[in-house]
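Pasting a structure here, questions to come.
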Amino acid sequence: MRLLLINPNTTEALTDRLAAAAAQVLPADVTLLPTTAEAGFPYISSRAEAQIAGADVLATIARHRDDIDAVAIAAFGDPGLLAARELFDLPVTGMTEAAMVSALMLGQKFAFVTFAARLAPWYGEQVRQAELGARHAGVFTPDLPLGAIDRIDSDMREPLIAECRRAVAAGADVLILSGAPLAGMAATLTDDIPAVLVDPVQAAVLQAASLVRLAPRGAAAGSFARPPAKQSTGLPADLARVIADADPPAGSRR
Amino acid sequence: MRLLLINPNTTEALTDRLAAAAAQVLPADVTLLPTTAEAGFPYISSRAEAQIAGADVLATIARHRDDIDAVAIAAFGDPGLLAARELFDLPVTGMTEAAMVSALMLGQKFAFVTFAARLAPWYGEQVRQAELGARHAGVFTPDLPLGAIDRIDSDMREPLIAECRRAVAAGADVLILSGAPLAGMAATLTDDIPAVLVDPVQAAVLQAASLVRLAPRGAAAGSFARPPAKQSTGLPADLARVIADADPPAGSRR
Amino acid sequence: MRLLLINPNTTEALTDRLAAAAAQVLPADVTLLPTTAEAGFPYISSRAEAQIAGADVLATIARHRDDIDAVAIAAFGDPGLLAARELFDLPVTGMTEAAMVSALMLGQKFAFVTFAARLAPWYGEQVRQAELGARHAGVFTPDLPLGAIDRIDSDMREPLIAECRRAVAAGADVLILSGAPLAGMAATLTDDIPAVLVDPVQAAVLQAASLVRLAPRGAAAGSFARPPAKQSTGLPADLARVIADADPPAGSRR
Amino acid sequence: MRLLLINPNTTEALTDRLAAAAAQVLPADVTLLPTTAEAGFPYISSRAEAQIAGADVLATIARHRDDIDAVAIAAFGDPGLLAARELFDLPVTGMTEAAMVSALMLGQKFAFVTFAARLAPWYGEQVRQAELGARHAGVFTPDLPLGAIDRIDSDMREPLIAECRRAVAAGADVLILSGAPLAGMAATLTDDIPAVLVDPVQAAVLQAASLVRLAPRGAAAGSFARPPAKQSTGLPADLARVIADADPPAGSRR
Amino acid sequence: MRLLLINPNTTEALTDRLAAAAAQVLPADVTLLPTTAEAGFPYISSRAEAQIAGADVLATIARHRDDIDAVAIAAFGDPGLLAARELFDLPVTGMTEAAMVSALMLGQKFAFVTFAARLAPWYGEQVRQAELGARHAGVFTPDLPLGAIDRIDSDMREPLIAECRRAVAAGADVLILSGAPLAGMAATLTDDIPAVLVDPVQAAVLQAASLVRLAPRGAAAGSFARPPAKQSTGLPADLARVIADADPPAGSRR
Amino acid sequence: MRLLLINPNTTEALTDRLAAAAAQVLPADVTLLPTTAEAGFPYISSRAEAQIAGADVLATIARHRDDIDAVAIAAFGDPGLLAARELFDLPVTGMTEAAMVSALMLGQKFAFVTFAARLAPWYGEQVRQAELGARHAGVFTPDLPLGAIDRIDSDMREPLIAECRRAVAAGADVLILSGAPLAGMAATLTDDIPAVLVDPVQAAVLQAASLVRLAPRGAAAGSFARPPAKQSTGLPADLARVIADADPPAGSRR
């Protein structure tokens, strides 16, 4: 099984970090294909950036669709997730949704713990979009200046532990370490925190692999049925071709 | 007051239709600046298309931001609405949200009535995102092939009336004629339907004009506070400049 | 356009204050007709008082209905709003509902900030009745004795700023200054508070004016269809006449 | 125990009917004091009428408060219920709320079955106000002209049975016969309907009697704490006295 | 009327305590039959224990069903409640549900106040199962080691008062003293707490008695219709007989 | 990885059927250990039966806990799921929950399609307990007498297809074939139904396997933290030992 792991940020070091965390949990028969965005932002941290990056995610999938069995979008906020699910006949997962969905089986209330306060309202909207608010205990974030993303392991360890404990006190029993820069940290924090920690990129690749096994027809029908073929102006060529293609090749249909 | 009316579709006839409907209700002191998308799709009808068009909406606002007081995004599904609200210090409204919000003051349950069945799940998600599901009576749509968009007035009149009546029977007392191609039809259907009809583009421009009068600081703070300045790769120049601009000109700040 | 601004309290100074705040935002073509209640209470602050005042609101509209295009009920808690919407074929708005509805387009979570703790549960019920709880961040109120209503500007300024900041910390990005005695204060507080402030009486008159432009048939149908004519005992004459009138004059029908 | 049964309608025959139904279930130690409204409407069937009648309910309780232990408001829609609960230190129940609350222990979904279509939206609002929508299967009502209220037993029997069955098919397992004119009919319909029937006036008096036994302090604190004493203009004397009374007689305090 | 009061714990002193609290409020015509579990746990405090105890509750009712008119299950968490309601044609109430349902008529928000932190998530699930979350202000519990259950009156009095006050500050106006060991304490705490206190076992027996008067057919139909007769292996004899019995004796049918 | 697949029914043929369906999707490194209940019912179809069977599920896990890495409970309704999650430090999944959670990533609304009308209310409660009602399109079931469970493939094929289509028409885009006797049918029905079909036992084993990879500490903390050690009376020996064991062997701790 070939799984496309899309990092919608332009920072390659993040891709490496995400792929390393994913590799720890991947079943033996799954091959990971990590990609890094060529256009966009070093690190997506707003709705506006996600709007733009999400369009690029669609183009990335369009470029690879004949070589892959499933897609995991590896940025918190899941840019382009619902659009991709609609446009491609492949299982597509996102870090946020996959982490929430996994959390539902590990406890009664999940919380997001992240590293920058201004992410909170936008991250909270992902819960709303999934209609999982009744199981959500909130977004917890240190009230600190955002350090360099590549020093998060060292700089943010103590503040993150403090926030995790605050989340537990607020009733959360599953904590989702929210944001690609935190990939892989769950294993190193878990001894200090009285709750289950979920690593979202691990959840995203595991759920994608399970969906391939479970649902060979992907999301081909219903709400996410493929839109009718349509001409467009000014789109990347691969993406324009997918959108214009009334009868996609059997290989990409599941 | 200068109000940018963005048609995110590439069809100019739709822009004319939207502007005409808007003009019927516009207060005397409001000037409308209608625009048509240069890239994208003749008519947006899927999440994937909205993902792409929404990015273009941001670029359009970036191009005009020094000349305008508010923005109305005139495609059902409100592509780019939350992102625009975050990125620009101007009141920004969308057809769907503005129509729902107006409906709350005209009845107890609103319904969407539209012209193509496959729009229903996506339109329904707008209600979910706004957390207005408890006031929503559903999406009603004829089970007919989609005719040419420019013949909707004649072809779809009877099917739309039938759907409006079905919506009323299901408990709706405000009906939102959903989709830009239906702009202006409320006035011609109203005599045949025992409910209040709302024309979404009219709602969008009226709410935008009211927000300008009401809230001189726009959405400059809180959840929609402007993201920090950020470098980007591969964006349209005006938009990249807005995103990279830590200290936007006073003129665009309200 | 003629807009009846009903102060359901018996305090004339409040009427002046409300009318002054409304005048700041009124479009040029709207004429305001402010009224003060002749019976009832100096300042409504309980459900029981609102039950009684709401009946009087209906009588007030009945007295004026042939001279007006819309009504704004200017007491927080919206006494008589749904009943008036049902009984009269005119757009009718209330301070609370109009402020909430406007807030939906300015942020993700709104809060009420008010001046007396015992208003909180009753004000909270307005959110429930409108089914907007998912967008509500709470009611914030100083824990201070209620001073004279006419000294609120000076006495309450600092406590209100403190509560506004508490509301922001709790996730609100739009703050509704709740209660007629706070009318006009938004402009004077806004520089000290990192959130959007909404003045409810301004929202009420703006939304009423927009509804007149948008929905020429008012709420004549559906859930708020006019009740059948009915005889009554012991009501004010104008109101009894409206209720007994199976076929209201065309002038009052929109 | 003395229980005031308020019929807020002016029709004495209804009072007799309500009292007869209540008497069938009353514990031996409870004495019923039925009253009929002197002002208002023969039969309340709209929000506007309930707004007015609710104010009269308050005056009625004020007249009797020294002689009673609890109050049951016997009109569907519960006019004045929350206001009365706030103003008087007595248990106060309403037909609608008491029937819903009882239904929660008899099944998973309750429905209202009533006799006139235009009552449906207003009755539905009672569910919303109580936040019980997740347990509500809808309002079911014949599509027939409303006959004389005093011939409902004979005229409406078959249509009501048909609606009850429709409600069951829609998932309801408890049916509330909604509206004072249906008082007492549950017993005569029950053999024909595969669901539990609840008679709301019976529920209202039983719950009121239980609350007297359960909660000797009534609703004296919290959200329904008594409002501070206040002067008023133009109110019935007994009611004005209650509202002006900072220190109500011990006899009325429980 | 004969009312079976089931203590699903094996501690007889708790049965005495529960029966004493119930006796204080019982109408004169109701006879209480208290029972103590013979198998299971001294005090149920987890979902696992409730799963097991709930099965025993069914066997207990099966043993007594020909001698009783109604059942009250007297352990917080209501073990076996929905299963019993389905299997037996008798009104069955539970402490938690009955207390919540009574609270709905005494205030706007209820809270649980209990004596051990680890009960909180499980108790919170009862609110969720009843879909009453919108009226729930939370579970409040001291952060203390759990003392001996039989010394709760003396050891826990001050901590419970503190938690009650915290619950009031969080918006609760009705407080449910949650857990059988707290039975009877409401009367002794009430003077120190500015809110309505509900004693759950009192609520359970009062609601059961009212349901007997109200709904002579019990929950015989709809969601709780009796399951078809079925053979089983390894069940207590009385229970196996009830489950295998396609045509239960008329005496147990109401 | 060793996965205990518990059939809580006493019918061995069902166990074979469930194991065969699970085997189709199982990753190569997962070994399935299927068990059949020795006490209880041939086929669980009510809350009362699930209450009893759930207690037996706990005893079954207690017997096997030292030999397994995870548990999948293979009866719709998930008897004993939350209790097992609390009592054992292993990932535990249930057919219903796992199917719902998987459905969230495959569409916007899921429906249950099952074979007997009386299962509908109980199955619907599973959605409520998981707080997933906003994503649920209903329970769809033929209005036919229940045939022999072992002839469902042939007898029920056409009625099930009809119900699946009804569910799609009602807005569902993911259909969960609900009930152990339907295990394995998704593959044979999928060509006739325009929606994604989910086989719940397959979802349960895939999610259990993923949780083992994802969350090495299982549900050891938070809401599902292990209850304190407790003595009991009359329980199966293995289960009593687990419950009495304050310090479970390291082997069962993950």
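Residue numbering begins at 1 within each chain, and the chains themselves are lettered A, B, C, D, E and F in the order written.
Following the convention adopted for this analysis, a residue touches a chain if its C-beta (ideal position, glycine included) is under 8 Å from a C-beta of that chain, and two chains touch if they have at least 3 such contacts.
Keep in mind that this is a model prediction, so the values were computed, not measured.
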Q) What's the overlap between the neighbours of subunit B and those of subunit C? A) A, D
Q: Please work out the Cα centroid separation of subunit C and subunit F, and write it as a whole number of Å.
A: 52
(Q) On a C-alpha centroid basis, what's the spacing between subunit D and subunit F, in Å? (A) 44
Q. How big is the gap, in whole Å, between where the Cα atoms of subunit A centre and where those of subunit F centre?
A. 27
Q.
Show the residues in subunit F shared as contacts by 2 or more other chains, in ascending order.
A. 108, 121, 125, 128, 131, 134, 173, 222-225
Q) Among all the chains shown, which pairs meet the touch rule set out at the top? A) A-B, A-C, A-E, A-F, B-C, B-D, B-F, C-D, C-E, D-E, D-F, E-F
Q | Touch list for subunit C against partner subunit B, complex | A | 25, 27-29, 91, 93, 97-98, 101-102, 104-109, 130-132, 134-135, 168, 172-174, 190, 194-199, 202-203, 206-207, 209-211, 213-215, 217-224
(Q) Quick check: in the complex, which residue numbers of subunit C touch subunit A? (A) 108, 134, 171, 173
Q) Hey, which residues of subunit F end up touching subunit D in the complex? A) 120-121, 124-125, 128, 133
Q. Considering the complex alone, what residue numbers of subunit F touch subunit E?
A. 10, 38-42, 45-52, 54-55, 58, 80, 82-84, 86-87, 118, 121-122, 125, 128-129, 131, 222-225, 227-228, 230-235, 243
